[in-house]
Amino acid sequence: MPFGENKNASWYGKDILSVKQFDRSDLEYIFGVAHEMAEMVRRIGTFDLLKGKILANLFYEPSTRTSASFTAAMERLGGSVIPINEVRYSSVAKGESLPDTVRTLEAYADVIVLRHPEVGAAALAAKYARKPIINAGDGVGEHPTQALLDLFTIQEELGRVDHITVTMLGDLKYGRTVHSLARLLSLYNVKLNYVSPDILRMPREIITEIQATGTPQFEYTSLEPVLAETDVLYVTRVQKERFEDPEQYESVKDAYVITPEIMQAAKKTMILMHPLPRVGEIAMEVDQDPRAAYFRQVEYGLYVRMALLAMVLGKA
Amino acid sequence: MPFGENKNASWYGKDILSVKQFDRSDLEYIFGVAHEMAEMVRRIGTFDLLKGKILANLFYEPSTRTSASFTAAMERLGGSVIPINEVRYSSVAKGESLPDTVRTLEAYADVIVLRHPEVGAAALAAKYARKPIINAGDGVGEHPTQALLDLFTIQEELGRVDHITVTMLGDLKYGRTVHSLARLLSLYNVKLNYVSPDILRMPREIITEIQATGTPQFEYTSLEPVLAETDVLYVTRVQKERFEDPEQYESVKDAYVITPEIMQAAKKTMILMHPLPRVGEIAMEVDQDPRAAYFRQVEYGLYVRMALLAMVLGKA
Amino acid sequence: MPFGENKNASWYGKDILSVKQFDRSDLEYIFGVAHEMAEMVRRIGTFDLLKGKILANLFYEPSTRTSASFTAAMERLGGSVIPINEVRYSSVAKGESLPDTVRTLEAYADVIVLRHPEVGAAALAAKYARKPIINAGDGVGEHPTQALLDLFTIQEELGRVDHITVTMLGDLKYGRTVHSLARLLSLYNVKLNYVSPDILRMPREIITEIQATGTPQFEYTSLEPVLAETDVLYVTRVQKERFEDPEQYESVKDAYVITPEIMQAAKKTMILMHPLPRVGEIAMEVDQDPRAAYFRQVEYGLYVRMALLAMVLGKA
C-alpha cells in the first residue's frame, strides 16, 4: 500500500516502491529516524529494536552492495535475514510467478526486500503481498532507497537541503540514480546543474517534470563554469560502451574525472558524492580529501535502510 | 539414529530421514508441537527456544523454497543458520565424500539439514554424523518434511485426518510428494482417489504397499466423478516433457487445471492443496477462494519444521 | 595494523594477515583464549560475547569449509554475519577495486574476513580498511588461521608443542598449509621431518628460513624410517596433476597413503592430522582410530577463529 493520501497514517505495513510516493514531510520523518539510527549505531553499535523480525532479502540479480546494506541494517536492529541470492532466473526457469514467490516468502518473513531486473516488479510484488515490500531496484525503473540515502547524505553533511547548488556530473542519461535524486531535490529550494557529454544529457522528460516544480536547472558540457558555486558535486560514471565512436569517448572522458586539482578549485564546504562503484572517475588521491563523502554516503545508506525497516515494521 | 524401536525414547538427537519412520503417535506428537509453534508465532512472532543453536543448511542443489523455510524456522526460534549453497558439486569436484563433509559441519553446527540430488544421501550422512540430520530431499527418494507439512495442513484445516476423502490429481507417477503423502495418509482412516492421465498413474508398488494397510484406493482419469465427495484436493503439475507425443499432452492438460468453475462444483468445506511452485495448473482467480489452502500450506510448513528442529535439539 | 612492535598493545583493531606477525607469546595468548572458547562451547554451546557485532564474510572464491567455520565462530559468540559469496569476479567485472570494496563493507560490519585468489590481497585490504581484516587465504600466499588451528590442535592434543617430532607427508612443495605450519613450529623446540616424492620436496627457501632458527630438519622419500619417532603425522594430498609422467605418480602414490597397518607401527600417542578435504590419502578405516585427529582439528579451528574474532573486536 503506497503512501500519500493520509498524511497521519502510520508507516506500519507500507511498501517503499518509488521516490514519487514521498513528500517533504515524509522525507523529514525518514531522515529524523535515520539520524537517530546513526546516533545509536555510533553509541552502542546494535540494538534489539527488530529482534524477532525476519527480512527476506530476495535478489533476482546480484547486487552485493545493496544486499549487504539491507542485511547489515536488519542485523544492526537485532533482526534476522533469509538471504535469497540463488534465485537469478532459476525460479523463472521453473516457471513460478513473482506473485507466488512473494506470497510464499511472506509466510516466513515479516518484510521483503526485492531486487529484480524488470521495471514494475516491486509494484507487482506489493500488489500481491500482505507484508511490506521494499524496492531495492527494479531494472531501469527505480531504486528509491539509493535516492533517499543520497538526499540524507546531503542533509547530514551540509545540515540542510534548501538553498544549495547541486551539480550532477557524468552520464545523466542512463543513471536512474541521478534521475531519482533530481526528483527528490525538486521538493526543496535548490539549483540544479547538469554537466554531461552531449549524448548523455539528462532526459527531456525529467527536466520537464522538474521544471513544473519551479526548480532552476542548467545544462553544461563542462564542469568548469559551475564548480565554484557547487555545494554538492554528484559524480557518475561515463561508460565507454555508451559511445558509438571510441574517439569521441577518448575526447571527453578526462573532462569528467575528479582530480585533486579540481577539488582545489571547489568550495571548502563542498561535498563530493558518488553512488559507487567507481572506476576511475574519481582519482584515488581525492579519497584523503575531507570533502570526499562517498564512503560516508555508504554509511548513511545503512541508517536510511535501518529507518525504513523499523518504520514499515511499526517500530520507529 | 532412526525412530521406531523405543516409542518412549526422546526425540533428542534423532534423524528425520523418511516418512516410513513415523507411526500415528509420532505424527500426533509432531503435530501437537507444530500447533504450539503456530500459536506462538501468531502471538509473539519469534521466541528464543533455540537461542545459541546453529543449523547447517547444506544444499547440494538449489531449492530456494525449502532452504528459506528451514532458515526461517531456525530464526523464528532464535537460532542461527550457516547457509551452504555454494556446494553444488564443487566439493564433489574437489573429491570430498559426503561423510567427510557432514563430519566437518557437525564440528560447527548442532543440526544439519541436507538437500542432495542422490537417493540415500540423507541416510548415508546420518550413518556418519553424531549430530541429527534432517532430510530436505534426496533426489527421487524422500522429502519427509514436505509430506509432514501436507498432512499437518489437512489436520489444521479440517480439524481431523480420519474419515476424509483425499483426491490426488495430476502427475502421480513422478511426484515424490504424493507418494510420501499417500503413505502417511494410509496410517489414518481415509479414502484415496488418484486422478491422472493414463501414463502418469500412481506407481503399482505404492498402490500395493498401501493396499496392505486396508486403505481404499480408486483410480480415475478425470476429476469429475470424485469431485463432489472430495475433502482434500491435492494438485500436482502435469509436465509437458513427460509426454512423448505433444498432441497427447494437449489433449489431456486442460482436464487437470483447477478453475473457479471446478471449485463451484466442489464441497464448501473442501481444501485445495498444491506443493508449489505451480505453473498454470491452478488458475490465479482461484487464489481468492477461501478453500485455496496452498499459501497457508507454506505457512504450516514453517511450523512443522520449527517443531522438528526443536524436537531433535531436545527443546520441544 | 600488524602485530609485533609493542608486545603490550591490545589486540583490539589488529589485522590477522600472516603467521609471520606472531611470536611465541602471541601464540600462547591466542591459544589461551581459544582454549577458553572450547571450554565455553562444550559447557554452554554459545554465548553473547560478540552480540551486536557484525562480520562481513567476503569470499572472492568459494571455500565452503572456511566460510562455514568463520560463520559458526561468529554465531557461537552471538554475533551476526553478512555472507558475501556472490563476489567471485563480478565486482572485478564491474571494475571495483578491493580497497573500495572493503571501505564499503566496513561501513556495515565491525570486522572483515577476506578470501581472495591473489597473493597480497589481505595486506592490500588492511592498508585501506579502518576495521580489522582477517586473512582467510590469499592465493598461494598465506592462510594464517589454518596454521594457527594446526598448531592449536597439537597443543591441545599433546598438551605441548615443545620436544616433539613432527613429520609432514605428501606434497610439501605446493601446500601453503605445511609451509605456514613449519614456520610456526620453528618458534618451538621441535624436530621436523619432511617426507615427499622427490619432485614435491619442501621448497629450498623455506628450509633455509627455518634453518636460521636452529630447528633440526630432515628430508625423506619414505615414511618408514621416521614413523616410529613421530609425535605428529601431518598428511597432505599428493595430486596426480603434479606429475608429468603418470607412471611416476602410480609408482609413488601408495607410499603416501595412511592405512591401519601404518597406524599399527606408529606411536600409541601419535596424532594424525590432515587439513581436509582428503581424497584417499587416509583410508576411511583409520577414522575409527583414536589417534585420527583430523575431525577434531576442524573443531579446534572453530575455537581459534572464535578467539581471533573476540580479540580483534576487543572482547577477549
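In order of appearance the chains are A, B and C, and numbering begins at 1 in each one.
In the analysis below, contacts are C-beta pairs under 8 Å (C-beta built on N, C-alpha and C of every residue); 3 or more make two chains touch, one makes a residue touch a chain.
In UniProt terms the chains read A, B, C = Aspartate carbamoyltransferase.
For clarity, every value in this text was computed on a predicted model and none was experimentally measured.
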{"item": "Chain-level touch network, classified as line, ring, star, complete or other", "value": "complete"}
{"item": "Residue-number overlap at the chain A/chain C interface, same or different (half cut)", "value": "different"}
{"item": "Whole-Å gap separating chain A and chain C, where each centre is the average of the chain's CA atoms", "value": "41"}
{"item": "Interface hub residues of chain C, defined as touching at least two other chains", "value": "83, 85"}
{"item": "Chain B residues within the chain C interface of the complex", "value": "51-54, 56, 80, 82-87, 90-91, 94-96, 99-100, 103-105, 107-110"}
{"item": "For the chain B and chain A complex, residues of the former touching the latter", "value": "44-47, 62, 64-65, 67-69, 71-72, 75-76, 78, 83, 85, 276-280, 284, 295-296, 298-299, 301-302"}
